[in-house]
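Below you'll find the structures, each written out as C-alpha cells.
Next, two complexes with chain A in common: one pairs it with chain B, the other with chain C.
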Partner chain A sequence: MKFRAERGEFVDAVSWALRSVGARATLPTLSGVRLEVRGDRLVLSSTDLELSSELSLPVQGERDGIALVPGRLLGDVVRTLPNAAVSADADTDRLRLHCGRAQFDLRLMSAEDFPRLPEPSADAAVAVLKAEEFARTVAQVARAASGDDARPVLTGVTLEATAGTLTAAATDSYRLAMRTVPWDQGAECTALVPRRALEEARRSAELLGSEVRLVFEPAQVTFAFGDRRLTSRLIEGTFPNFRQLLPPGFERRLDVDRGELLEVVRRVAVVGEVNTAATPVTLHLTADAVRVTAGSGEVGQAEESLPGALEGEPLQIAFNPRYLTDGLDAAGSERVVLEFRNELQPAVLRPAVASNAPGDAAPAADFLYLLMPVRV
Partner chain B sequence: MSPPRPPEPILHVDMDAFYASVAAREDSSLAGRPIAVGNGGRGVVASASYEARAYGVRSAMPMARALRLCPALLVVRPDFALYARVSEQLREIFLSVTPLVEPLSLDEAFLDVAGSVRLFGDPPAIAAMLRRRITAELALTASVGVAPNKFLAKLCSGKAKPDGVLHLRASDVGAFLAPLGVRDLWGVGEQTAAKLDRFGIRRVADVAATPAATLRRIVGPAAAEQLARLAVGADDRSVVPYEAAKGMSGEETFERDVDDEDVLRRELLRLAEKVARRLRRGDVAARTVTLKLRYANFATVTRARTLPAPTDRATDLHREAVALLAALRLERVRVRLIGLGATNLVPAGAARQLGLLDDDRWGLLERAADTARGRFGDAAVTRGALLDD
Partner chain C sequence: MTTPPTRVSSVGVAAGSLGCAGRLVGGTNPRHGRHTFEEGPFPRSGVQAASRIASLPGVRVVIARCRVDYAGRLSATLPSAVRLVLVKADGCVAVHADGGAYKPLNWMNAPNTLVDEGSRWTVTNPQGEALTITFEQVHVDIAHDCGEDPGLTKDGVEAHLQELLAAHPTALDDGLTLVRREYPTDIGPVDLLCRDGDGASVAVEIKRRGEIDGVEQLSRYLERLNRDPLLRPVRGVFAAQRIRPQARVLAEERGISCVEVDYDTLRGRPSDELRLF
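Let's turn to the complex of A and B:
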C-alpha cells in the first residue's frame, strides 16, 4: 500500500476515525485503524463493535493495499506532522510515513483479524435531515438518557419515523425529552440508538454541516455524511411507551423567561450542592411571580424571585435542580411554558412560541420535556 | 486555660494477635504454642499467634494452607462473644483516659489524648500507662503508636509490634517515612503498588519526590492527592468517637465454588432482600450499591455504582448488583463468596425524587412482605425465584 495525501485532510481523517477505536478493547485488533488504498481513494475504518466509522478521501494512490495501524499511536503521530504533503508506504509489517523531513516507521498489526465492518444495505429505509437540525435534536434529547447500565433500554435514544415526522425521545425514568422534526420520506421504522453513538453523530454533523442520511435497519443504524459514515448497533429491548406518560391535561400553566429562570435556579441550587443527595429546589408559584428556594438546616438557604405569569391556583413544587436546568437549557427559546397538575405529578416544559404579550404565549409543539418532581 | 495541644496527640492501640492471645489466656495449655483461630476446612485464619507467624501463618490465609505451612498448628474455634466482652473491657480502659476513642474493630482503636496530658502526663506516658493497665487487667499485650496524626500512629503501632511502643516526633516524620515502602501508605494495595513500581516509585521518598502531575497520571487524580499528602505524613482526619452506621451489607460464602451466573444472580436477590429489609427497618435509603466477589483463587473485587435517587427496595438493589455482575463478564469464573452492600445512606423521610416509570408497586409489595414477616416469621414471604432451593 502506498499513497500521498494532503496533510490537513489526512490529519482530519485520522482523528475522525479514532472516535470509534476501542478504548479498552477485549480484542487487541480493535485498537487499530484500518487503512486501505483502492485506486485514488484511501478508506479509513475503525470499530469498537458497538460503533464503527468509515471514511474515504481522495489521495494520490500509488499501490493498492491494506494496513492496520495502532490507532492511538497513529493519532499522536499525525497530530505532530509538519505542514507538508504526507506520503505513506506500507509493506507487510511496517508503515513508513514521510512528511517534510520527518520520517516515522510504525509497526503494523495483523489486518486479518480486523472484523468486517457492517455496511448499510441498499434497500433500507433512509431519512435525510439537515445536519444543523439533526445536531440540535440530539443535543436537546440525548441529555435525558440514563447512564445506568442496569436498565439498558434507558441508556438509548429512541428514533421513531412515521410518515412525515421523525421523533427522538430519551428518558432516565426521572425526566423525558422528546423532539419531533418533519421529514419528507415516508418510511415507518423505529430504532433504539445508544446515546454515545448519537452524540458522536451529532459531533460529526456539527463538524461537517450539510446533511445527514439516516439509514435504518433492524439491528443497526447508519449516519452518513458525504464520504463518511458512522454505524451503530441498536440496543435490544422495548423502550417505554413514552407517549402514554404525557399527562392528558394541566391545571396550572406558567409562562416565564427561560434564561432568567435558568440563572435563578442555578444560583439558588448552589446551597444544595454540598449535599451529595442533591437537595431539591422548590418553586413557589403565585399569579405573577416565581420564588425559587433551596437549602437545608445544616448548610444554609437561598432564595430569589423572578416575574412569571401563572394561570391557575398557586403551587409549591420541588425538583432536582439538574433535571430542571437540563430541560430549561434544552428548550433554547426566549420564554418557556411549564404546565403542572399538582406537586406530585409530572410537569411539562415547552419552549414558548414567540408572542407579543408575555402571559399570552402558546407552547411550541416540536419539543417537550417532562420532569418528575421531588416529594418533600 | 488549657495547655497547648501536644505535637503528637494521637495514639493507635492495637492488641497483639488478639483472638489467639485471648484463646491462649483462656487455656493455659495453648500458651507459647502455634495457634490459629478460625474454622477448619474451608475457613480462613482469623488470627495467628506469634509462634504460628514464625512459620509464615498469616491472618486471612486459608486454613488449609496454614496447616501445610505449620503441621503442628493448633486450630481454635473463634469465640466472638468472649472477644466482644474483652473488647468492652478494653474500651473502658481507653475511655478512662479520653472520651475521644474511635474503635476500628474489636481489638484496635485511635485515641486523641490532647486533652488528657494535664491529668495523665504526655502522650508517650499515657501510652505506657495504657500498656501497663492492659497487661495487668486483661493479661494481654498491646502495641501502641504515638504520632501527630492517625495515619502515622497506625503505622507506628505496626512497626512497634509485638508488645512495643513507638513514639514518632513531628520533627522526625520525614526521616521516618522516607525509607518505607509505598505499601505502608494508607490505601496503597497490591495494584497501586504495582502501578507505582512501573515508574520506579518504590519508597515513600520516591512518592514525595514525584511531581503531582505525574502522580495523577499514574494513579488518577483522587488517589494522587491522597498519596502526595500521606507521603509527607499529612493526614487531617480527626478521631471520631462514635462511628455511625455507614451502610448495610450481606455476603455469602458458598459451600462449593459457583460458576453459574444464574445461581449468583439468585443469591444476589436473596442478599438484596436481606439488605433492603435492614434499610427499611433502619428508616434509611441508600444511594450506592456495592457488589463484592471473591474468586476461588481468593482474589477479591468490588464494584460500586451510585444511583441518582436513594432506594430501600430489594428490586433496585438487585437490578444494580446484577448489572455490576454482568459488567465483570465472568464467563464461568469460579466464585467463592458474593456480597451486596448498600452505603451512602440518607434518612428515608428525606426528599425523594419521584419516577416516571415505576408506580412504586414493588415498594408497596416489599413493605407488605416486611409486615407479614414481622408477624409470621422470615419464611412467611419469599420470592418465587428463591423457592426452588
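Let's turn to the complex of A and C:
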C-alpha cells in the first residue's frame, strides 16, 4: 500500500476515524485504524463493535493495499506532522510515513483479524435531514438518556419515523426529552440508537454541515455524511411508551425568561453541590414572580427571585437542578413555558414561540421536556 | 494527677483512680491482632502494679491530659494534650483526639498486658511493642458494663435478597418459577434453581454487590449443573443490587444474564423518588 495525501485532509480523516477505535484489551485488533488504498481513494475504518466509522479520502494512490495501524499512535503521530504533503508506504509489517523532513516507521497490526464492517444494505429505509437540524435535535434530546447500564433501553434515543415527521425521544425515567422534526423522505420505522453513537453523529454533522442520510435497518442505523459514514448497532428491547407519559392537561402555566431562570437555578443550586446527591431547587411560583431557593442545613441556603407570569394557583415545586437546567438549556428559545399540575406530578417545559406580550407566549410544538419533581 | 477522677459505679467495676492495677494480657501488633483482657481490681488510690488477673467487666473511658509513647516497629510520640483513652472489655486500648472520625491516634489491639501504675499505663503485647500513657490530669474516668453485644444487623444482606427473590423469581425474568433454594452441587449450593417459561433450568447466583468473583462462582456452578442430564441445558442469571461493569462484561461473555434488583421494590417498599415510570 502506498499513497500521498494532503496533510490537513489526512490529519482530519485520522482524527475522525479515531472516534470509534475500540479500547477493549480483549480484542487488540480493535485498537487499530484500517487504511486501504483503492486506486485514488484511501479508505479509513475503525470499529469498537458497537460503533463503526468509515471514510473515503481522495489521495494520490501508488499501490493498492491494506494496513492496520495502532490507532492512538497514528493519531499522536499525525497531529505532530509538519505542514507538508504526507506520503505513506506500507509493507507487510511496517508503515513508513514521510512528511517534510519527518519520518516515522510504525509497526503494523495484523489486518486479517480486523472485523468486517457492517455496510448499509441498498434496500433499507433512507431519509435525509439537514445536518444542522439533526445536530440540534440530538443536542436537545440525547441529554435525557440514562447513563446507567442497568436498563440498556434507557441509554438510547428512540427515533420514530412516520410519514413526514421524525420524532426523537430519550428518558432516564426522571425526565423525558422529545423533539419532532419534518422528515424529507417518509420512511416508517423505529430505531433505538445508543446515545454515544448519536452524539458522535451530531459532532460529525456539526463539523461537516450539509446533510445527513439516515439509513435504518433492523439491527443497525447508519449516518452518512458524504464520504463518511458512522454505523451503530441498535439497542435491543422495547423503549417505554413515552407518549402515554405526557400529561393530558395542566392546572398552572408559567411563562418565564429562559436564560434568566437558567442562570438563577445554576447560581442558587451551588449551595447544594457539596453533597453527592443533588440537593433540589425549589420554585415558589406566584402570579408575577418565581422565587428559587435551595440549600441544606449543612451547607447553607440561597434564594433569588425573577419575574414570571403564572396562570393558576401559586405552587411550590422542587426539581433536581441538573435536570431542570438540562431542560432549560435544551429549549434554546428566549422564553419558556412550564406547565404544572401539582408538586408531585411531572411538569412540561416547552420553548415559547416569540410573542409581543410575554404573558401571551404560546408553546412551540416541536420540543418538549417532561420533568419529574422531587419530593421535599 | 492533679484532679481526682470522676467516679461512676458500674456492674463489677469500681471506677477509681488511674492507680488501678490491671492487665491486658497477650497481644500481636498494635494494628492487627486478637485481644483478651485481664486486669486486677481498681484500687481506690495509689500507684500499684498489676497484682491480680480478672476479666474487665466493661468498657473504661478516660478523658485526660496525657502523653503517649509507642515503641515497637517504630517509635512515635503523642505530646501532652487532652485525649480520650478507651479500654474495651475485649482488651483493646485506643487513644483518640477530639476529631479524626472513628480512627484513634494510637491503639493496641488485644491481647495485651496493661500494667497500671496510677499515673502511667504500660500496654505491651507479645511482639514486644509497648504503648506508654503518662497521665497528667484526669478529667473523666468511668467504667460501664455494656452487656452482651447482639451484633450488627445488616439490611439487604444476601440471605434476605435470596429469600425475596425466591418468593418473586419473576423479578429476575418473566415466567421464572422456583425449583429450589440452595440447590446442592458437589462444590456447594447455588442460590436458586428455577425454570423458565419453556421449562429450561436457570441457576441464579445472588450477591449484594455483583463483582467478578460472583460471576466466576456462578460459572463453576453452571459447569457442574450442566453435567446433570436431567437439568441441562442450564443457563445462568447473576443478580445483585449493583453489578460492576467488569463483572457484567465477563458475565455476558459467558452467556450469563445480569439483573440488577431493587431491594426496596422487592420488599414492597416503593422508593421515595418520584419517577415518570
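Here is the rule we go by: the second predicted complex is superposed on the first by the 375 of 376 C-alpha atoms of A that agree within 3 Å, B and C clash if a C-alpha of one lies under 4 Å from a C-alpha of the other, contacts with A are read in each partner's own complex, and residues count from 1 in each chain.
Here, a residue touches a chain if its C-beta (ideal position, glycine included) is under 8 Å from a C-beta of that chain, and two chains touch if they have at least 3 such contacts.
Because the structure is a prediction, the values reported are computed rather than measured.
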{"item": "Side-by-side fit of chain B and chain C on chain A, or clash", "value": "clash"}
{"item": "First (chain B), second (chain C), both or neither touched by A:171", "value": "both"}
{"item": "Partner chain(s) touched by A:344 [first = chain B, second = chain C, both, neither]", "value": "both"}
{"item": "Partner chain(s) touched by A:207 [first = chain B, second = chain C, both, neither]", "value": "neither"}
{"item": "Between chain B and chain C, more extensive residue contact with chain A", "value": "B"}
{"item": "First, second, both or neither for A:279, with chain B first and chain C second", "value": "first"}
{"item": "Chain B versus chain C as contact partner of A:376, first or second or both or neither", "value": "first"}
{"item": "Partner chain(s) touched by A:149 [first = chain B, second = chain C, both, neither]", "value": "both"}
{"item": "Offending stretch of chain B which, after superposing on A, collides with chain C (from 44-52, 134-142 or 224-232)", "value": "134-142"}
{"item": "Set intersection of chain A contacts, chain C complex versus chain B complex", "value": "149-150, 171, 173-176, 240, 245, 344, 346, 370, 372-375"}
{"item": "Footprint of chain B on chain A - complex, ascending", "value": "148-151, 171-176, 240, 245, 276-280, 318, 320, 344, 346, 370, 372-376"}
{"item": "Parts of chain A lying in touch with chain C, wherever the complex brings them together", "value": "149-150, 171, 173-176, 240, 245, 344, 346, 370, 372-375"}
{"item": "Sites on chain B touched by chain A in the complex", "value": "287, 305, 307-310, 319-320, 322-323, 326-327, 344, 346, 350-358"}
{"item": "Complex interface listing, chain C residues touching chain A", "value": "243, 245, 248, 260, 272-277"}
